[in-house]
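In the part that follows, the structures are each spelled out as structure tokens.
Presented sequentially are two complexes of chain A, the first with chain B as partner and the second with chain C.
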Partner chain A sequence: MKNETTRYIYYYTALILLACISLAPIWVMISTSFKDEVTVQSSTPLWFFFVPTFQNYADILTGRGKFDLYLMNSIIVGVSATFLTLFIGGFCAYALARARFVGRGFLANATLLVRMVPPAVVAVPAFAFVTLTGLDNDLAALVFLYTAISLPFAIWLLFGFYKQIPVELEEAAVVDGATPLQVFFRVLMPLMTSGYAVAAIFTFRIAWNEFILALLLTGRNTRTLPVATAGFLTEEGVEWGRIMAMGTLIVIPPLIFTFFAAKQIIAGMTAGAVKG
Partner chain B sequence: MERGVTLRNVVKAFGPVTIIPELNLDVAEGEFVVLVGPSGCGKSTTLRMIAGLEKVTDGTISIAGRDVTWERPKQRDIAMVFQSYALYPHMNVAQNMSFALRLAGAPKAEIEERVTRAANMLELTPYLDRRPKDLSGGQRQRVAMGRAVVRDAYCFLFDEPLSNLDAKLRASMRTELALLHKRLGRTMIYVTHDQIEAMTMADRIVIMHEGIVQQVGTPKEVYNSPVNTFVATFIGSPSMTLLEADLSGTGAKMAVQGDGFKLPISARQRKQAEAAKNKKVLVGLRPEHFAVEALNKDFAPIDLKVKVSEYIGSSQFLAADVGGKSLTAAVEVGPEAELLGDGQYFFDTRRLYLFDRESGEAL
Partner chain C sequence: MSDTANPTIDSARQDQPTPVKSVKPRIQAGSLTPYMFVTPAIIVMLGGLLYPIFMAFYLSFYDWEIGRPFSDAPAVGMANFIRMIQDEQVWEVLWVTLRFGFWTITIEMVLGIALALLLEKPIRGASFFRTIFILPLMVSPVVVGLIWRYLFDARSGWINYYLTTWFGMEPLVWLGDPQLAFFAIVFTDIWQWTPFIFIIIIAGLQALPSEVVEASEIDGANWWQQIFLVKLPMIQSIIVIALLMRIIDVFRGLEVMLIMTGGGPGRSTELLSLHIYKRAFETQQLGYASAIAVLLILVVFGLSLAILNFANPMKTRSDV
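Presenting the complex of A and B:
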């Protein structure tokens, strides 16, 4: 009994410590976003007790920085890239999981290798490509690049999910009179919701947070939120309050997105249970 | 062209590997035919070709008098039950059963009526709203059958549907399947590796080995008149013992003799035995034709060295030794009998089988 209690104490101490380590930066971000310039610069850092101000948010939302435009850009890029990745990746993964062809296993794993390349490495070629194709200052460029960056991982992930679905299910549907598209959308898709949800979370997050390529390839009207945030690093100094307010606002959409996607994961898990 | 299901000169090869060299099969309309054989004999491939899930390399397949060789499964008017049941996990029982009808765009009222009827027949009514994962193995199996029944297809195909069930459930599902066939009167083709399933349910059995049909016949025919040693040892449980032997004597004195035994040839086999006088033969003894005593004049004595005897209630299985070869005997015993040991046993010589030792064909 006593042992049990001490063990719990150890466990929870460790957990609380870890939680603090992860939450501290987030708290710094949120709290700073509610501080005025003077409080931010104060030589003794104020963690909890200060007079909150909404000035930073007001500046961002109504001021010079076209926040609504950048938010829209980010949403368009994030959603389009996610949709495109799932659409293409889903079919690729399905083909990899089902079709028999030479080099299939190698190809499936090679997709992961591509994933190892950091976006910064492709920045210069991407810039050249985008200028050559006339896509500079066009959100489409970001959509395509983010899709390209996310695809390998999405394919690899969905490939694993497709492999778990027994072929007999598809054969049963075929015997039941389903066309290939009906098999895909009425039998496979409902069983793949978990997989697609996980892939969507990853893809959306990458597209939403990516900075370097977005910085290189966007113009005044095509900036995404992370790039816009960098705009607060001005020659007069770093506007910490606004940067942190921006950061706080940027976090919200992916949170909502993840929340809905996670629901699908659970829905998919209960629908699944393919094997008895 | 006649109705039923017909396979003509069907060949199946996967790349350079030929699975089925050439197969001809006629299944009459309304017949229950079981394809049986050890794993890898091509029985499942054959069924999948009939279903249209596997393309034939050569030959033709016709169902209900229509050449369907190159048609898709949908157009073949077939229903299939898979070994893994292949129930759609995201649909409930009713949706699983009605999926095909819904795809075909059948009117709602009709779908409901057919599902209700099938559910009643298979005692699934209380479970219509459940998902497959909330059902027991037997219930899932019945849903899989229900899915086929609802279709009311011309031909039903079963791919080892009972092999995932425990022994007791398997026996009761066998009865249900037989009943289902009687009620629906549809052509049914059933694949199994279990010869007991084949024997109990089939109108006719097709025994396959390495892609070649060994024998087609009623359960009675394949048990009593196996065409070769493969069929002889495959059908029957425990399986038949084959012993090398020679024929000797003539007329009523004719006998088959091997190491440690000599059994007279009964009148019904004398003719074949005479014709094969100079050939080396194999003699086939089924375990169930042994007895502890001579029940009539056709029983001949044979000495057995019993290594192990197994008590199974109605009889004892004896793993015995005859002239250095192992042999299985199943002898009926009364309730008081002790485990049997070495000694003289008797064999019913009318039930003795003779095969050509070289070709393995029956004499």
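Presenting the complex of A and C:
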């Protein structure tokens, strides 16, 4: 019995220590975003006890930096890319999971193969394309690329979820006279909510966090948050309070997702690693 | 091959022994419907992924600079590739990438697997802690770069503060010294990615059939024997795939370094992807950058094929 208790103490100590290591850097950012420049410059790191100020947020959201515009751009790009990916990817995953057709195996393999295409490879051709076509100040190019980048993983994830649904459900619907689209939207969609939720989180995260392509494909009015934040870093040098406020704004959506859907995210990650 | 806690995979696996399904789904061979379902996805992936890859190959045969119209760019044949082989900078960044990969992945794998083995037993609050652990993975690379650039800052950085006040060390110019900067990006990567290994391995361990572990215990295996002769061999494929994924990520990543150090000082923290980016957009040689990108594509595809070899979820069904 005593042995058991010691073991639990040791488990929890280790877990709490690891949790602190994971959280500390993120907390440094969040806390710094609520400090005025004097506090930021203070020679001692202040973890908790300082007078919080919202000045940094007021500055970046209402100042000349157009940060409110960039926030909106990020939301538009993230939501559009997520919606498109789920819509297009859902159809594709369903067909791959259920139908036999010539080229199915090739499509499945090709999809998995291009899943890890490095952004640096896409960057040069994409940059050349948008400058040649004059799309270099348009969020559409970014939405299209993020959709393409997210599709392989989304298809693969949704494929697994479709596989779990018993075929008999669809057959019953077909006997009742449903068309393939009716089967897809009326019968399967309600059962796929959690699958789509996981795919949506991963897609939105890619679009929301991505930096390199956004940097190359956006102009003064179409920047996304990561691009605007990185730009601020070089322009303004060491105004850490404001930069950390920008960083905190970028981190908020992923943090919210994590706390509400940690289980699904872990399932997605684990599946991603284990099955290619 | 062993399994994970993922229900999708479990069910896919259970399908395997059934050779022929007697029932047929609505959309099937001979029908055009499946093609209608997959066409939009194919179009987007062709345009957004395959076209850029194709273009990278195509551009690698031209000497094209930013600002000049492409019609003026001379075709140079293999010149870009010959230049690449002789380019000391390319070899230098490849060496940096390999060293970076070696240190980060070795430490992340050892730490991640060790922690997973130690904390494998399901206990109260485990899911809460796992939520905390995946937070670093959800943070945007740009933000990761920002945070650690702040922490490693020579003047106002917190790391220097604790090193000087607790250990009486002299303040270090972390991001201004080649070796220290390399250490800093390795450290940052370990902070962000060790949880990834930990989460995957622990999922694999918890999905192991308990009878096997119990049987080995009855047979008199001690704790170490259980780990090295039973548990780790059973999750071997998971370990290999996690490893391959991390190696691919090392070749893909550039954002954290771009923010933290910009690849410097010198090229001490310039990974291959970052080098391609800088070649293309700082020295403006799109053609030559594409040639290096071709090298990167070949490396990543090779590693991706290796992963598919270990586990191809969409091909395991007998009806394919």
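By definition in this document, the second predicted complex is superposed on the first by the 242 of 276 C-alpha atoms of A that agree within 3 Å, B and C clash if a C-alpha of one lies under 4 Å from a C-alpha of the other, contacts with A are read in each partner's own complex, and residues count from 1 in each chain.
Everything that follows uses one rule, which is that contacts are C-beta pairs under 8 Å (C-beta built on N, C-alpha and C of every residue); 3 or more make two chains touch, one makes a residue touch a chain.
Just so it is clear, the model here is predicted, and its values are computed rather than measured.
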Touching partner for A:V79 - first (chain B), second (chain C), both, neither: neither
Chain B versus chain C as contact partner of A:V187, first or second or both or neither: first
Partner chain in contact with A:E171 - chain B first, chain C second, else both or neither: both
Touch count on chain A, higher of chain B and chain C: C
Which of chain B and chain C A:L71 touches, first, second, both or neither: neither
Contacts of A:L107 with chain B and chain C, given as first, second, both or neither: second
Touching partner for A:A262 - first (chain B), second (chain C), both, neither: second
On chain A, the residue positions that both chain B and chain C contact, one per complex: 168, 171, 173-174, 271-276
Partner chain A, residues of chain B touching it in the complex: 51-53, 72-74, 78-80, 82-90, 99-100, 103-104, 131-133, 137, 140, 147, 151
Chain B partner contacts - residues on chain A that touch it in the complex: 166, 168-169, 171-178, 182, 186-187, 190-191, 271-276
In the complex, chain C residues that touch chain A: 4-9, 11-12, 15, 21, 23, 25-29, 31, 33-35, 37-38, 40-42, 44-45, 47-53, 55-56, 59, 70, 115, 118-119, 121, 123, 125, 127, 129-143, 146-148, 150-151, 156, 158, 161-162, 191, 195-196, 199-200, 203-204, 237-238, 241-242, 245, 248, 251-252, 254-255, 258-259, 272-274, 276-277, 280-281, 286, 289-290, 293, 296-297, 300-301, 303-305, 307-308, 310-315, 319-320
Interfacial residue positions of chain A with respect to chain C in the complex: 8, 11-12, 14-15, 18-19, 21-23, 25-26, 28-29, 32, 40-41, 43-45, 84, 87-89, 91-92, 94-96, 98-101, 104-105, 107-109, 111-129, 132, 144-145, 147-149, 151-152, 155-156, 159-161, 163-164, 167-168, 170-171, 173-174, 180, 183, 205, 208-209, 211-212, 216, 226, 229-230, 233, 238, 240, 243-244, 247, 250-251, 254-255, 257-259, 262-263, 265-267, 269-276
